[in-house]
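As structure tokens, here come the structures.
Presented sequentially are two complexes of chain A, the first with chain B as partner and the second with chain C.
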Partner chain A sequence: MIKIILNQFANLLLSLFGLSLLSFLLSLLFPTDTIYSYQQTNLFEKYWFYLNQIISLEWGTSLIHGRNVFNDFILNLPATIELIFFAFAFAAIIGIPLGVWSAQHKFSYKDKTVLFGSLMGYSLPIYWWASILVLFFSVSLGLTPVAGRIGFEYEIQPVTGFILIDSLISDTPYKIDAFYNALKHLFLPAVVLGTVPMAIFVRITRSAMIDVLSSDFIRAAKSRGLAHHKVLWHHALRNVMLPVLTAMSIQISVLLTGILITEIIFSWPGIGKWLLEAVHRRDYATIHGGILAMSSLVIITNMVIQVVSHYFNPELRFKR
Partner chain B sequence: MNLLRIENLSISSRNNQGEKLSIIDNLSIQMNSGEILGLVGESGSGKSILALAIMGLVSQHIEVKADYFSLDGQDLMKLSHSQRSKYISSKASMIFQEPRTNLNPCYSIERHLDEVINIHQNLSHHKRKELSLELLLSVGVNDPEIILKRYPHQLSNGMCQRVAIAVALACKPKLLIADEPTTDLDVTIQSQILDLLIKLNMTEQLGLILITHDFALLSESTDKIGVIYSGKLMEHAESKSILKKPRHPYTQALIGSIPQLGKRHQSGSRLVTLDGHIPSNEQLPVGCRLGPRCPVATRQCVKPPELHLIADHGYVRCHRADESADITKGI
Partner chain C sequence: MISLLKNFTKCWWRQKARASLPFLLLFFLPACEYQDLKPIRDQVLVYCSEGNPETFNPQLSTSGVTFDASSRTLYNRLVEFKPNSNEIAPSLAESWSISPDGKEYTFHLRENVSFHQTEHFRPTRYLNADDVIFSFSKQSDNSHPFHNTSQLSYRYYESMGLQNLIESIEKSGQHTVIFKLSRPESPFLATLTMDFTSILSAEYADSLLIQNKRENIDSLPVGTGPYQLTRYQPDAFIRYKAHANYWNGEQQLKNLVFAITPDPSLRFARVIAGECDLMTNPLPIHLMTTKKYPQIKVTTQPGLNTAFLSLNTQKPPFDNPQVRKAIELAINKPSIIKVVYQNNASLANSIIPPTSWAHVNSLSASQFDPQKSRQLLEGAGYASGFELDLWIMSAQRAYNPNAIKMAELIQQNLKAVGISVNIHSFEYATFLNKIRNGEHQAALAGWIGDNGDPDNFFTPLISCSATKSGTNSTFWCDNEIDQHIQQAKLEKRQATRYKIYEKLQQKLRQESPLVPIAHATRFVVLSHKVQNFKMLSTGGVSFEGVYLEQGSNDD
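Then we have the complex of A and B:
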């Protein structure tokens, strides 16, 4: 297992090196210098200086407000991670069991309803879906807030940056209320962001499950007297997780791009909003840093999922 | 005592138009404990679904009916669904055709064995492991400690089949159904697996149903043979008398199609084949199911034949069984 992780880590370094090369070439196109300057004369020197700066986390200063880009990124990151985590949890917790259920009733009207629903979810434009949900939950029912991370009446000192954790560890008398308030704020953005991945998880789980359930080893497991739920949730689901994990690693990159729209709609103070504002203001240093950070995030999460899928798939773990 | 007794088992499914399609038609079969029963027939004759029906694994869209169905003295039709599957799994187990598909690719061999032992016997973790090692040794695995840690994709086909047999034995069954257990293996491994099954039959008094399309596989080892064609039992008798003097034209054709090697081979002789294919269950022939393909069919064969009991032999479903017409001589 350690060997696998080291192997993946070497892969990761290689990908990040490629990424730095690409982002350097991109930064050459910017009308202003972001990290390197006129002191370096040839391209190689420029790149070497650039690489050193990137590694020592000196990503330049914003052209608009003069703050360090990397610090800005770290400041905005927890909100995004929180949102993505909950969107992903929503997609997986609803999507995978729904797919299993649908596969169990394959070709029946239940299955067809789920399939139709997932097709709808898959093809929904995010901004439209978000406004419908806001109209229903916030405007008509008044259950959830429309935008932001937490109500203005609560004042939470940022410690970790994750508002759910911060509200719980703060020593204010209203910390439980603040926690619920933050959870309410999180609900709509997470649902909106998680809808498309959920629809995809449903479809992939369903088709993989139908495949696995008709295989002989499932019959063999049943013939040995295993209870139905054990066959389904242990034997079958373990095999279904392999294609689902692949889908997950693709969906994470999709989520990281989808977050731009969602964060703008719900004025969620995360990376997406930060980056889009930088684009509007032609803040090249921030754009460059944001792109570099987002791509690194995609690469790193993909590597993590690779390691996890090694755990799920013995054929990857043990070569013949 | 009868280990397995089935009277008038019928299995049918429905096609898209809702018409009933018969897969197995009024099949009766019985075997005693410790016996080896061979079931022979070509592909599509319904052998495998018969095995699945015995195990209670037929999918819900398929209708299974029987007049009487008992396993190890217990009338299965008196049990509720969950009781039945529990009872069957404690008395019978099954191994499938492809060795690799018997085992879950995500689980180690140890987990397979441990899981089954845990269900059927209440033992501590340590005892379970001991028993797993014993089971692997009993199916001829020489280094059980190593194999226990392996995953199915790391084993050869023959080893997979041995492990599958060990997992099947972990239920302590009285009946083992082997659905074409050797088809995917090469010839030397085939005979090893077959020897293993027969050895288990002798030592553990394990009833064995061998399902195959290859008569050569059955020849000496089995006690009784049932020949199935198009969902009907065509001949059911002691294997000695079937091999010596098959009464049904279909059995004769099956035996005639075994290649003879060495001295028994007459140069220039051809293997016996029947023209045509097994009928699809949407278009069954009138009368005898073999009728259109039978080389000795006469006018009376348009009436469906019954199973006749023939003295010193067994049951034969043919109008001309008494006349002992021999198709191999006719060609």
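Then we have the complex of A and C:
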């Protein structure tokens, strides 16, 4: 296991090196002096200087409002993590059981309905889907808020940056209400962002389940007289989770692109909105920092998932 | 009693939830309405605003979004306009007198005016003459320690030509200030109602100087206004609370929030859903649907604004008046008014809107005439047309609900005369900055009058001094016109001024450094809860005296 972690870590360093090289070259294309004013003439020295600045978290200051880019990133990150977490939870909680259920009724009309639904979910343009949900749930029914992270009537001091935690530890008498209010605000964005991953989870779980259910060890378990639900949820699902885990690691990067659109639609103050606003303002320092941070996030989460799937999948562990 | 019981049975688990872990009951939540939340929502007025303020120091800006968030909430001026009139009323100055030669203005300041007490600053004295002198010399004096606190510059102060107009500001006693002018100027009192003349605290500045945090004066404001800033998160919200010691009485409304929502459709949805109480500049399409929603109402007002196509006369081919004229003839303004404004605007022949007394009715109307336009282009040597980079801003403004659509219509119009237009879109603050630096070839810009005086259109938009500060985005400078502008300012009688402005507008019609397009009608969509809200005649919103009707808390 240690060997695998080390291996992955080396992989990570290599990827980050490539990323830094790429973003360095990109930074040279920006209008001069927007991020760093290089004193060096040699390209390698410039790169070395750049690398030092990046590692010491000196990502420059925004060209528009003059604040530190890295601090801005940290300020906006919790909102995005919160959203991704709930979107993933939504996708997994709905998608995986639906896939299992669908596999059990394979080729029936139930299965076909689920498959049809998942194909729809997969092909929905996020922007359109969000507008429909907002129109229905927020404007017509008034059940959920239209946009934002929490109602403006609540003044929550940021401590951790995670609004669900901050609202509970704040000292207003309304903290429980504030918490619920924040949850309501999370609902629609999480559903919108989680729809595509959910559709993918359904399909992958379903096909993996069908595969696993027809394998010998399941037949053996069944013939030993184990209860149906035990075979399904204990023996089969563990094996189904492996491809799902791989799919998750790919979905992380898909989610990060989805976040750009979702955050803009719902006025969600996370890194996606932060980055897009910067693009619109031609705020090169922020664009540079934002891209660097988001790509690093994708690489790091991918690595973590790799390690986790190595841990769960003996096949991967003993292959070499 | 029955309703109490009903409430209890409906939400008994909610009570339990308060005591135990809230997580367990998440799924039941939507069934229970916000019964005990109503009071807290009724204490906050949420205004869906259009964008981030560039700064909280109104001296440094020319944008209405910034003024709404700074001067109109946080600060006061020496004098102000009476609501919806052109009459000037006392504000921080209780009374004033003007010397017979019109060159000396003496202001007597109100006593016991307190500044905001914030986390960072605790004022120890009331407003006095030093604050007034500080506020003006920060802008005029290049060597003033607070002159260079920001990358932004004092555009308004410069474009209004105050550095040449004001010779000195002196105090005589604690509460008397004397402005000495280099020449008589009739719009001077109107100038002092403008946002950039807001009064800042000299004492706060001194304390910042000691802490060596001078730039805080622009980002952590301390003023005398009805509200004070509590928190600002860019692209999300600005929070204010009522200023407890406000000289005009503490506001009934205790909390004010600006929810920064650039997308007009989202703003509209938020007002309908009750998340916002008020929004300005709805899209024409929203106005057609407002009748469906009983909880909101719409108020209108002919706007003191002009949308125009600004042609950078420093860059060919727009250094040639024939080409500029050709552009104007090629643009189909009535169709723009129909499509972009849904007829909620009047066609513009001049930069002065019809609501101003300087508007000239007899001005020759602009004709849509592509034939003649092509002839003019041929005459100027552009028979085969040319390429044109048209810059627009993504944010929607009071004078232009949809710059992209307008640009596309102009693109089609100009294609017919052989000019191919490339449209480039920028964020609001970036757009303004680039335009001021003269980087554009042509841009869809606009102007909202901020005092009732017509000079407020001429001086910033077409005078020579405004080419330096950049509010004159055409960079067109004509000595004869400039003389007319100056002359009109010296004149006291309105009839004589009108004559000068008439001549001026006719000359502009010939030269057309910019193509006036429309004067938009202004709309505010607001909830019925909002009481005592008045639109400012000069555009923008002010929340002084506004309060929320307390909703009944019955079942």
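Assume the second predicted complex is superposed on the first by the 311 of 320 C-alpha atoms of A that agree within 3 Å, B and C clash if a C-alpha of one lies under 4 Å from a C-alpha of the other, contacts with A are read in each partner's own complex, and residues count from 1 in each chain.
We adopt the following convention: contacts are C-beta pairs under 8 Å (C-beta built on N, C-alpha and C of every residue); 3 or more make two chains touch, one makes a residue touch a chain.
On a predicted model such as this, the values are computed, not experimentally measured, just so you know.
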Superposition on chain A - do chain B and chain C clash or fit: fit
Superposition-derived comparison: chain B or chain C, residues of chain A touched: C
Which superposed partner A:Ser215 touches (first chain B, second chain C, both, neither): first
Touched partner set for A:Tyr122, first chain B, second chain C, both or neither: neither
Superposition-derived angle with apex at the Cα centre of chain A and sides reaching chain B and chain C, degrees in steps of 10: 160
Chain B versus chain C as contact partner of A:Trp101, first or second or both or neither: neither
Partner chain(s) touched by A:Phe152 [first = chain B, second = chain C, both, neither]: second
A:Phe49 touches, of chain B and chain C: first, second, both or neither? neither
Touched partner set for A:His235, first chain B, second chain C, both or neither: first
After superposition on chain A, the shortest CA separation from chain B to chain C (Å): 33
In the complex, chain B residues that touch chain A: 52, 55, 57, 85-86, 88-90, 92-98, 101-108, 115-116, 119-120, 150-151, 153-154, 164, 167-168, 170-171
List of chain C residues in touch with chain A within their complex: 17-18, 22, 26, 29-30, 34, 36-37, 40-41, 43-44, 46, 52, 151, 230-231, 233-237, 239, 255, 257, 259, 261, 263, 266, 269-270, 272-275, 394, 426-427, 429-430
Sites on chain A touched by chain C in the complex: 64-66, 134, 138-139, 142-143, 145-149, 151-155, 168, 174, 176-177, 179-181, 183-184, 265, 267, 269, 273-274, 277, 280-283
Contact footprint of chain B on chain A as seen in their complex: 215-217, 219-226, 235, 238-239, 312-315, 318, 320
